[in-house]
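Listed after this line are the structures, all set down as structure tokens.
Look for chain A in each of the two complexes below; its partner is chain B in the first and chain C in the second.
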Partner chain A sequence: MKKLISMLLALVLVLGCAAFAEAGEQADGKLTIWCWDKTFNIAAMEKAKEMYQADHPDVEIDIEEVLSEDIESRVIASNGDTSTLPDILLVQDHSIQKFVTNYPEVYHDITDEFDFSDFMPAKLGLSVVDGRNYGVPFDSGTVVAAWRTDYLEQAGYTVADLTDIDWDRFLEIGRDVKEKTGMPMLSGQAGAVDTVLIMLQSCGGSMFNEDGTANLAGNEKLKAVIDTYNTMVAEGIFIEVNSWDEYIGTLSNGSVVGTINGCWILSTIMSLADQAGKWDITNMPAMVGVDGATNYSNNGGSTWAVVNNKDIDLALDFLQMYRNVDFYDAILPATSAIATFTPAKDAPNYTAASDFFNGTPIFATIVEFGDSVPAEVTSPFYYDARGNVGTAVTNALNGGDLDSELQTAQDTTEFTMGF
Partner chain B sequence: MSEGTFKKYGKRTLVYVFLILMSIISVFPLYWCFISSCNTTAEILGGKMLPGSHLIENLTNLFSQQDVLSAFKNSVINTVLVLVLSLAICSVAGYGFEIFHDKGKDIVMGIIMMSMMVPFVAILVPLFQMFTKMGFVNKYIGYILPSLSTPFLIMLFRNNARTFPKEVLEAARMDGLSEMGIFVRMFVPMMRPTFAAAATITFMNTWNAYLWPKVVLQTPASITMPMLVANLLSGYVVDYGVVMAGVTICTLPTVIVFFILQKSFTEAVAGAVK
Partner chain C sequence: MRQSSGRKLTMHKKQQLIGWFFLIPATALIFWLSFYPMIRALMISFQGGRPTALQWSDPLTRNYQFLMKDTVFKTSLKNTFTYLIIQVPIMLVLAMIFATLLNDHQLKFKGVFRTCIFLPCATALVAYSLIFRTMFAYDGMINSVLMKIGILNEPINWLNNPGTAKAVIIIALIWRWTGYNMIFYLSSMQSIDYAIYEAARIDGAGAATQLFKITIPLLKPIILVTAIMSTNGTLQLFDESVNLTKGGPANATITMSHYIYNTMFQNNPNFGYAAAMSFVILILVAVLSAIQMKVGDKRE
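Our next item is the complex of A and B:
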């Protein structure tokens, strides 16, 4: 028994000592970058590193995979102390306002240190806080309408019939296609309001006023958008599903005619090898009777932020790669990451025809679409307002009065904002 | 068959049907997890409920995309450290709280119990600040230290120490056994089911921990299995076959530990002392 006790105590001692050993070395004195998605952001950064190190062989660059939510948790836990943060980190476009506002000591103001000309204006505006710029734009979330040409043909339509149209015409086509094929045109996650906010931005609308206050109750553009959206859902032209996985399932199973979403959805569509050649893209429908309505919008994307750390100059010099057309051309085949740097649209890979999408040069087309996207007024409280609009849309779909639902959303958002 | 026998067997049949149904509902997520790791994304999203032939392909992709061995090793080291040290600390604390008498012990126990009501997220930022200053970030010590003494385990050991026969305690003292000797030679063997239950709970909590590790373990070399699985879900395109292969590898140790300790675990939960 004594032996057993001695062994147990020795084990505890050894393990206790091991507890003080390093679990991993924290990068120091080199460029450290945090981003997520091995096949997209990380792959793009690896290429940028390779191209940069060709000219700067002495610079050590460490790219670490960290989830978007984990980056946010670590910034919160740092409480403004940047010693545990990297030199560059990736931020979701609609999160950057909130984090720069709450942790201004973390994010470096790069307004006067980076050339922002030739980036898409709608994308650029998302990382501007109080007139100062805090991010180098990366991938585009320009909205595309992707359609199954074989399904449209069955109903007697082509993608040209869905190009440059408004939502009234879309509803007519949707009803006809549903009658002839039994298929809904679109699908989306219930309560997520991606489609509603895509439609809202397409006509220059926003959930916020220029002065930062919430703009939900009495927002005529938002009401018109929700009315159109709810009509589609009520008539079965748009089917709501319970989760993101189910939404992807509707595309992979071929149970919808198409989708309207940020261009990053094309990576998912292109992974469906059995559907090659059956898809094509065009622009989205425009709102009817609404000032500033266009056929273009944005959804998603991310931006590189420079942290107030020791290597700011080196980080900014490295991020010049994101003004390099050759870099965007090089990352396109492997990642499908579409540039928000507009000169990239003339690069060889961008102008090449895509066999998957009926021969359309999809990448150059998307960059062109991106130039026409109306700029959006955003806020640090974007995700709070978005959640409240989601509740309003769901309640209105279930028979609630839209005006009072939007008033509730306004009140809840203002409460969160501390008004 | 008499009416009484019919009633008896009818009732038993209903109970078995109900239990089988509940068992299926309980086991189904595990079954779905395992069979999905053998299928492609298209098959999973298509609702396929039978095993496929893509297990090797999914595992190959998983191991090529992520450093699974390193994450698994980190999870094992973190979990074993927390398991051994927390059982050693909390069992002594629980035993002490029950066996020794002091006016202030109930007040101290009350304070410990009250700390259970403070959510971990509330102390996350100050704890991280403190650990940063102490140089514990990215070290095993940083990960395990907040988990070593938990109010729940102290309470579990204290409650079960109440069933430790006082006659045994007094007899051992009369025979001249030291207090540490009583704990090690009398208490520990008799409380084996309690230790098994505490080990099972600690193993599951530590193995599946996510919030604290993702904040304090910041380098790729120090990530754990749950963090690795979360990384698989981060992209615009998610390979669900690979994700489920990762989930399966992450789940297996918990299942194995539970199967090994399930008998003792049940005894401890039921309050049995041999």
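Our next item is the complex of A and C:
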């Protein structure tokens, strides 16, 4: 009996100590960082760590690979208790609004503690909630169209033929290429609507109105985009696959002519060493018969957030690296991460020619594209609306009436917003 | 005598007290880890607002009222019941057939067959879902085999068509769970005295008569158990929907649990609504199990 009681007491003591140890984890001179993508965000952070530690050798920096979905799940599971979270975490640009609105306890308001001058205004706007800044902008998702020049050549085209065109001309070329080579021009994940939203932003459209209400039903721009997209899919010019891996697979095994996506996709393309010299980039086709149509858009990109109740001063000091032109210059060749910090544009690597892309100075080109991207309206309900648009696109593709499908998407999104 | 009953406990009482003492940790853990979360979830299902600042809904049943108007929830309910109605009977009949075949005394290599059929149950849910997704991909194994042997002229996009995507999930479920149910049947078949079958055979009963007149009536309790377990499992189906089809195309394969997950982790997090939906599943499981018990259990 005595033994049992003493054992129980010991157990309570041990548990108590463990609880104590966890509580006091604030300014400990150590940084933990969560981000995803080894060839991109992690590679960039490793470089930042190396450069920062050169001046601050006693600061310990721990970069952990955590997938974007997992970071989001863990923040939700933390339910506002930051003790299980890192000092700095990466957030998808379109998730910031949702997470800051729902978990203000987690995300530190850095408005007065960080210098936000010289960042691209459109990018910076995504991490501003109620006029306060919640993130240090990182990469731009400026859209590029990357094409396999060898395949185009087989069909008698060059990248110049695909530059500054509209989707009507693109469909003509696509049909011709498909006939001559049997290959689809593009690929993408079914129901994920990346391409649809890229096209929508290229003509200044959005799923939301300025006042934050959903803008799906009767959205003429969205309708025109979905019509064009579904024509491509129906004619086999755009092949829909079921997962992200399959999408990357279509690029790596060369079963499509090219892709239209955020410029971060170039880090994946450049990792396919056997395809060096076979690629070139240009701008995307513009929508036809739509006001404000351009050849430029944006997809993806992410932002660093600082977590509350952690070593905030150290985290902010470390993130000064993201105002350092030399840093952006150093990470560019390997990651193709295009800075949203404008002074970085003059760094030497930005104007260098890329061997992989037949000597095209791709980074200078992308930066130039970036200047013409129309601004976008986002919302905390971005992913809700996105999922509903995906359903509408798929149903319309299978023969549903687009107007009523978009009405359903509108109703479903308003239903969620109505809580 | 007086002394022992007054101050000191009797031997019996003492033993009883020690017994209760040993039960305390387990009871406390069950309350803390099982009952408390259930009660909290019930409370949350009547709440709404930001996850870290939940407030009582006005009116209190607001989340449940929204449920009636939610088209995606209705779709997920319909999908789940489609799986239930098609998959559970096929699986249980198959399990019964396999068990009967394996129970044959003349069968050689019984252990090998038994292992082969049971092995799918040992695979992780996520792992087998991913393998099925790869197999049924557009350029996957199933398409290339069917094209090689001339059944198909061009590949089917299995996972991108509402009908075939549901079929793939049902096939996957049958593959994964048939062996599991078979083991239940087989083990209780082995407890049926073989002499009963011999006597029946002497009386001229064929294989079918033996199955329907002897095996199935004697297995009734275990069939009931497997039916309830399968119903329960199918209503809570999650891994296959998430990993195999991601609920797509256009929510055609999304299950209730998957939609609850999306409400919490994919969309703008709504804890109260997610909790309300999980209570609907709880009620459905309870009702269906009660019906099955009433129908299946005719013991006096």
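Rule of thumb we're sticking to: the second predicted complex is superposed on the first by the 381 of 419 C-alpha atoms of A that agree within 3 Å, B and C clash if a C-alpha of one lies under 4 Å from a C-alpha of the other, contacts with A are read in each partner's own complex, and residues count from 1 in each chain.
The rule is short, and it goes like this: a residue touches a chain if its C-beta (ideal position, glycine included) is under 8 Å from a C-beta of that chain, and two chains touch if they have at least 3 such contacts.
Model, not experiment: these values are computed from the prediction.
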Partner chain in contact with A:324 - chain B first, chain C second, else both or neither: neither
Which of chain B and chain C A:163 touches, first, second, both or neither: neither
A:384 touches, of chain B and chain C: first, second, both or neither? second
Chain B versus chain C, judged by how many residues of chain A each one touches: B
Which superposed partner A:73 touches (first chain B, second chain C, both, neither): both
Touching partner for A:181 - first (chain B), second (chain C), both, neither: neither
Touched partner set for A:154, first chain B, second chain C, both or neither: neither
First (chain B), second (chain C), both or neither touched by A:268: first
Chain B/chain C common contact set on chain A: 73, 76, 79
Complex contact set, residues of chain B against chain A: 41-42, 45-46, 65, 74, 77, 80-81, 84-85, 88, 124-125, 128-129, 132, 137-145, 184-185, 211, 214-215, 217-222, 227, 230-231, 234-238, 240
Chain A-touching residues of chain C, taken from the complex the two chains share: 48, 50-52, 66, 69-72, 133, 137-138, 157, 159-160, 162, 245-246, 248-251, 262, 264-270, 272-273
Footprint of chain B on chain A - complex, ascending: 1, 5, 11-12, 15-16, 18-27, 36-40, 64-68, 70, 73-74, 76-79, 81, 83-84, 245, 248-249, 252-253, 264-265, 267-268, 271-272
Residues of chain A that touch chain C when the two form their complex: 69, 72-73, 76, 79-80, 98, 101-103, 105, 190-191, 240-243, 246, 380-381, 383-384, 387, 390-392, 394-395, 398, 408, 411-412, 415-416, 418-419
